[in-house]
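Same chain, two partners: subunit A is paired with subunit B first, then with subunit C.
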Partner chain A sequence: MTDAVLMPERVRRIDVSVPVFVLLALGLGVLVILPLFWLVWYSVHEDAGGFTLGNFVQLVTDDTMLRAYGIAIAMAAGVGVLSCLLATPLAWLVARTDLPGRRAIRALVTASFVTPPFLGAIAWELLAAPNSGIINVLYRTLFGLPRSDSLFNIYTFPGLVFVIGCFTYPFVFTLVANAFDRVPGDLEDASAILGGRAATTLWRVTLPLVLPSMLAGTLIAVLQALTMFGSPAILALPAGFHVITTKIWSLFQFPPQLGLAAAAAMPLLVITVLLLRGQKAILGRRGYTVLGGKSGAPRIVALGAWRWPAFAFALFVLCLTVIFPYLALLKTALVPNAGDALTPSTITLSHFHFVLFDFSATRLALYNTFVLGFLSATTVAVVAMIVAYIATRKLVRGAGILGMLATAPVAIPGIVLGVGLFLSYANPTFQLYGTIWILLIAFVTIELPAGYQQISSAFHGVHPELEEASRILGASRLKTLWLITSPMLRTSVVAAWCFVFVGTIRELSATILLTTANTKLVSVIIYDLNESGDMGAICVLGLILLVVSFLVVFAVNRMPVLGGGGSVSTTRG
Partner chain B sequence: MTWKTTLAATTIAVALLSGGAAWAAAPAAYDITPDLIAAAKKDGTVVWYTATDLTVAEKLAAEFEAEYPGVKVQVERSGSERVFQRIGQEQMSGIHNADIIETSDAVNFIYFKQQGWLEPAVPKIVADEWPDDQKDPDGQFAAYRAHLSVMAYRTDLLKDVEPPKTWEDLLKPEYKGRMVKAHPGYSGTIMTATGVLSNLLGWEWFEKLGQQDVMQVQSSTEPPKKLAEGERAIQVDGNEYNIFRLQDQGVPVQIVYPPEGTPIAIGNAGILKDAPHPDAAKLYYAYLYSTKAQQLNSDFGGLRSFNPDVQEKEGRTPLSQIKLLESDPSELIKQVQTIKQKYEQYFGT
Partner chain C sequence: MSFLELDGLVKAYGALTVVKGVDLAVDRGTLVCLLGPSGCGKTTTLRLIAGFANASGGEVRVGGEVVSSASRNVPPEDRNMSMIFQSYALWPHMTVFQNVAYGLKLRRLPATEIKERVGRILESTHLGPLAGRYPSELSGGQQQRVSLARALVVEPQILLLDEPLSNLDANLREEMRFEIRRLHDQFRYTTVYVTHDQSEAMTTADLIVVMNAGRIEQCGTPEDIYERPETEFVARFIGGTNILKGRSDGSDTVVCADGVVLRCGSGRVSPGGETAVSIRHHDIRIGTTPPAGDGSNQASGVVERQIYLGSHRDYLVKLSGGERVRAVAPVNVAIPVGQQVWLHFPPEHCRALTH
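Now for the complex of A and B:
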């Protein structure tokens, strides 16, 4: 290996980084810029084709538009705070303490991550609709109250924030828990040796080390909430208010106001850029390399008397986000009408029969959903890894552009991206509309930022010293990436793959504009069924979707090639 | 951009049409023949874009498949305006997925016809039995179904107060927080209903209704389901046929036909030009109007039919005894923007 004679030869070998960089930059450029170009073009053009700023004037003078924006921003902020408050303590508990059942808890949080938010919203509708919601019915029965009393009303602004938070906090949780896993024990030991108490160590050493992940996670949660369509469509519309995504959606009702919709999307872009800048400013230039060549195993904190209160907290979170919603879905799948009580005489399999045998869309939609999930997740993982490598290691000048391009789609709400893609690819040149390829492009574009964020933050955690060692010993860049870097990133890449896979299953907003009869997805048929109020069928489909996607995520995490069992092995090669 | 300009063009064209369209000859009526059935089997599939309630549509499709084995029906159900949006997107990008289109918004069909998207075809039964005002003179579409948008309530949940009898009654304080209503931006039925009710009662009525803490849902099939769940006690609007189906299931719901009148929505169907399965389309199209299918729509679906041979189920109020509020699609098409704008002003979405 350390054959010095080989060295000069290697120096002369052509570096593939530059052509790869150019290709990726072009590819990502088209992916991101084309829909954005059409958006901007539409926002400043009249229907007849002339230049106008009228759309923007209408945007800032239209009260309904401003109110939708205000509500959306408040909602996203609320979701961010709630997600962080739920996720951080829970992540610490399962990663760094002797909490009972912490492996099971971690798996169950994954379950709530697999739950598409629109399905979660429907489940909470069943639980906490003011009159028919199961919780409210129980509450009234227990205390003998009249029908007009209710404990929770999910069709409200706090209800909406709560429900979105319940199915968005796993983004924060996964990132923070992984970060806790990676905090090297020796730093904490150093703090302990220098006389720091457990709380001090946690506050001064451990938390600062996971802060980047907390911020990154919260940012994802805020952006998810801001651009989310399904849950607000299900909960906000009955409550009688719009958020910006549902407002934009309503602009596509016939006759569509494409220019105004495009203009209405622009502030979202600005807000996102500001948020990303804010994150940078907070993190500053501090270094957060935690995975070097040498680090001790993470230490486990004994909770002592706090074990059971901590367990109760974890259980409470799980009840709200997994157990209750799933039970509600199951119950509704088994009774004739959503409001009926579940008794031996009312129990029925008619909804299962309908979905599995009568409903002609089921099989095609399931097939499309999972094929697209696999394709999108794999594409994103590969692209994100190469981009992250080039960008974080600054292999070529201007590598930062790649990172920017990969992050940029985060600013485009799915529904707007859907329109942008429609305008870009549904024409005689491309003819992609009506095929699953337009959906693949949509999913890759939408999910790339999340995948890239994760993989690149993992790259930031791997100190280049290991790669440098490999390079000095004569390995090529690709070989180093393959033998040294990727094994250390394996958990992150698998996590990113799962993120994207689940993300495509959760996606609804772009999908809804891009599907046709032959390319329908489960998310869209669930949305259609919700609009016509077929709760039983929704619950059956939702349960099928959950079970299958949970199995996929589980299997991927267990695959030996991918470093099964979730443990990081750094000793390969 | 094209959408808006074409809409403007349509509005003008509609004005011209209603001024006195030439009676262009509809094609000769056709019947279901063994040749047609054989050709349809070669096609193998028929794709049906529909706005009929999903269970009813799937049931009809299953009956068809049983009668004509070898021809599968692909049911694509959405709200009328969503079906409209989808077909618009597809036609604009030159995609021809659908064979037959059917929505409950009569305005849609004026637009389709204007765009030249429909293939003229007249099943024999439509030529012979359908009233003249329920079929296109050029043979491009015909009324496949009709249904009312009705006020209704859960008898068991409204015991404490007198049930509403008129539209004005709904403004009473005792109904506050107890009503559910569908959305005109989503549902063709509700667009039609909102149009006629705003003419009849004025927008002040909607403004006051907006202060009654009404639960807002999307499709006109949804309010009856909210009644079934017991989430709300009264529906301001929603499909009559869904209420019939709930009654058949034993849910205690009661329809109110106010003396001022009840809005009716006509659901047309037509074959699309460039349909991917033209012969299966013709077969299925003829089947849709057959007495058997129409009777099934009536019995199982609770839909109203223009086929004079269809027998209405006992216990249902016949159309002749209900004061109907009919809408003029060519007038409605001009009011669409105003309706949506006013609606958002009063109901928030």
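Now for the complex of A and C:
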């Protein structure tokens, strides 16, 4: 070996990590800070350009604004309570009892995660609108009542809380079910051996242990409800009241009041930051949450006679949140008019034909949606990967800033970001309004935190020596990233990509402010068609979104790294 | 001029200085062991040589060219070195062949050449039949060998090993020590080997560098280090020893506090100052009768503990002055606990240490 031909010099390359770092820091800085800057700027300036606090004065004196905030907060609180009440018993049943079919139930709850909330709202319109709602029609037919009678009216405040709750309770469910999974059996055995009966143990030991997760999940549900645009726009506007997100949106309608919109977005931003801090503080108290160790498997409680009532409860929750809404969407997609009964003679594919072939707007929207989903997911995956690499490996002094920048947008609600981006880029300098690029910026900003967190935790699992081994053998940083690190992260990156894709194609809150006739997305078309009452087409579009989302999630869950039945962690709707 | 030179090398993390001015010259083709307790700065020194950490002061030179200094740091990939890591750092998504071929691919060797070179090194490391396996399908020893093969195949100018055997079980560790030495004799790369295990260092090294608290305590051949330690730390760390402290009268004699007089066959005394005398466990003679002679280099005490270890007996003796001395004796010297004994410290085994 020693007398072998001379080893050729390795091909030298310039190490570009510092320029990449600077570029990324600038890019992310612009992405996050520019919208917030303009938001603040517009909120304290008149149209003419002078400094003013008038917008904030109007915000706190204008009754309609205050009402919108009041209703939004009441709604969010209601959603929080409802989510908690639905999710906690269900989580306990699937995690800690011998409930029949608990695996399938868990999977189906995760399914309501995937449902875009606005689609859920439309489905409940189909089910419980006072006149045409399927449930109300059935109710009247059964009891022979006149048309003016109805069992439920979804266009009410309780209706709104109920519908949003149906699609936010999985946030609580997932956290609580995972917490129940982690409560070690021997803690409960300890209570039992001291004489605690099953109910006492559950109440005094198990529940207190999952309480932090319950609170944290509830805060997320509250946050989701507070910043949601789609469902309130669909249900509250016909009912004649505004929540804050719809109010902000209405300020963009002619004549636009951008300054007031910016000011109105500020409290929402502050509340979001506070809620997230609260959630972090609760989950951060590690001494309280139960962590791993060799404590043995969780104990399964035998329900005995309560098995079937418990099953009925679970089924009831699933009917409200998944089964009925999906059936309503499917039925409406297949009949000529929303009110028609589904029989072999009425069944038709005309809505599918209309959406896919006749109506050019939907075809453009489908194209835009999937192209944007693809671009956003790819951009987020690439940026998140590089940022996670630089931050976890501390390549450059101050690399932690990158991680902070990448996670910061989590505290910016979609609608607030929409306002900020509109103010930043819909001006003569950038002229991005009316292009898909402004939407791409929005989606990348919104989805970056989730993508980053997923990929950076994967990075923490790769031993730095694996990279050092490659470098000492002659590969530059980037080459090592490409040849060694990325193949090992492949599954995590693909998973992050898929989640961003699913999150993007259902986004409405920011999109609604940034879209124009040429850049319509499926979510916006659904919203528009709802105003014109074309339910058949909506249901077809909704089903397409759902099928694509489910295919993607299914593909991800099949990947070994995530484990089958793993929870989907999409953010906001 | 030596091939690898460390010149006043310093590494500080904020206020904490972990390498405090290390000077070392390594000739081409020698295997140097950096030996020391954990936290002594040996791994940091190695990472400075590799270029994974930037020096805060001083220089690292290879063949006269500066590769590390406070102002300049040639990246690891441009140093033409190889390294073997504590975790082996085998890439789990590549087969044994792909792992080993990686460095050659980076050097743009033709595929046939790569195949041939990888084949040869796999033969040398007895891995031939395992070329198609993934690292997770190998035992710890096999993984270690792949890691060696991967580092050797690129014919590095300098080979670095960072505690390469610490993850192996005891039997395998001993076997791999000889393996590393065998491969070094075969390929003769300039090698820096970091370990905290003295027998590992003894087996493999041409030159042992004992480090303590960021500095080099002593540098020498294994015989030098063991038989002629220069400091109390080195004497204690390598092989274990008894240290008796006293004052010297300027000659080769040290008078200890309890009246024990030790004539030292080697070492240096500090005239009139405090001097430590090191005498290894197995160099002490133990007996029930006072040894003949002028009364120097002997002491009496009481057996506090006696352990039968099969090949020998291990004694702990409390001297009349209160100090405790460990001595090793043949198994046939069996003295019960509590009995008075005399210890003889042969002058040729007493080494005076100034600090």
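Operating definition for what follows: the second predicted complex is superposed on the first by the 364 of 573 C-alpha atoms of A that agree within 3 Å, B and C clash if a C-alpha of one lies under 4 Å from a C-alpha of the other, contacts with A are read in each partner's own complex, and residues count from 1 in each chain.
Here is the rule we go by: a contact is a pair of C-beta atoms (placed from the backbone, for glycine too) under 8 Å apart; a residue touches a chain by one contact, two chains touch by 3 or more.
Everything quoted here is computed from the prediction, not taken from an experiment.
Chemist: Is A:L473 touching the first partner subunit B, the second partner subunit C, both, or neither of them?
Modeler: Second partner only.
Chemist: Which chain, subunit B or subunit C, ends up touching more residues of subunit A in the combined arrangement?
Modeler: The partner with more contacted residues on subunit A is B.
Chemist: Looking at A:Y155 after the superposition, I want to know if it touches subunit B, subunit C, both of them or none. Which is it: first, second, both, neither?
Modeler: It touches subunit B, and subunit C stays clear.
Chemist: Scan A:H463 for contacts with subunit B and subunit C and give back first, second, both or neither.
Modeler: second
Chemist: Between subunit B (first) and subunit C (second), which does A:G50 come into contact with in this model arrangement: first, second, both, or neither?
Modeler: It touches nothing on subunit B or subunit C.
Chemist: Let me test your reading of the model: by the given contact rule, A:P344 touches which partner, first (subunit B), second (subunit C), both or neither?
Modeler: In the superposed model, A:P344 contacts neither subunit B nor subunit C.
Chemist: Which of the two partners, first being subunit B and second being subunit C, lies in contact with A:I484: first, second, both, or neither?
Modeler: A:I484 contacts subunit C only, not subunit B.
Chemist: Which partner does A:G144 reach: the first (subunit B), the second (subunit C), both, or neither?
Modeler: It touches nothing on subunit B or subunit C.
Chemist: Flag every residue of subunit A that touches subunit C in the complex, lowest number first.
Modeler: That would be residues 1-2, 4, 7-12, 15, 463, 465-466, 468-476, 479, 483-484, 487-488 of subunit A.
Chemist: Quick one: in the complex, what on subunit C touches subunit A?
Modeler: That would be residues 50, 52, 75-83, 85-87, 89-93, 102-103, 106-109, 117, 120-121, 124, 150-152, 154-155, 160, 186-188 of subunit C.
Chemist: Which of the residues in subunit A come into contact with subunit B in the complex?
Modeler: 42, 45-49, 64, 129-132, 147-148, 155, 236-242, 246, 250, 252-258, 336-339, 354, 358-361, 422, 426-428, 431, 433-434, 513, 516-518, 528-529, 531-535, 537
Chemist: Help me check something: in the complex, which residues belonging to subunit B touch subunit A?
Modeler: 1, 3-5, 7, 47, 49, 53-55, 58-59, 61-62, 72-79, 81-82, 84-86, 88-90, 92-95, 97-98, 157, 177, 183, 185-186, 214-219, 221-222, 224-226, 228-232, 249, 251, 336-337, 340, 344-345, 347-349
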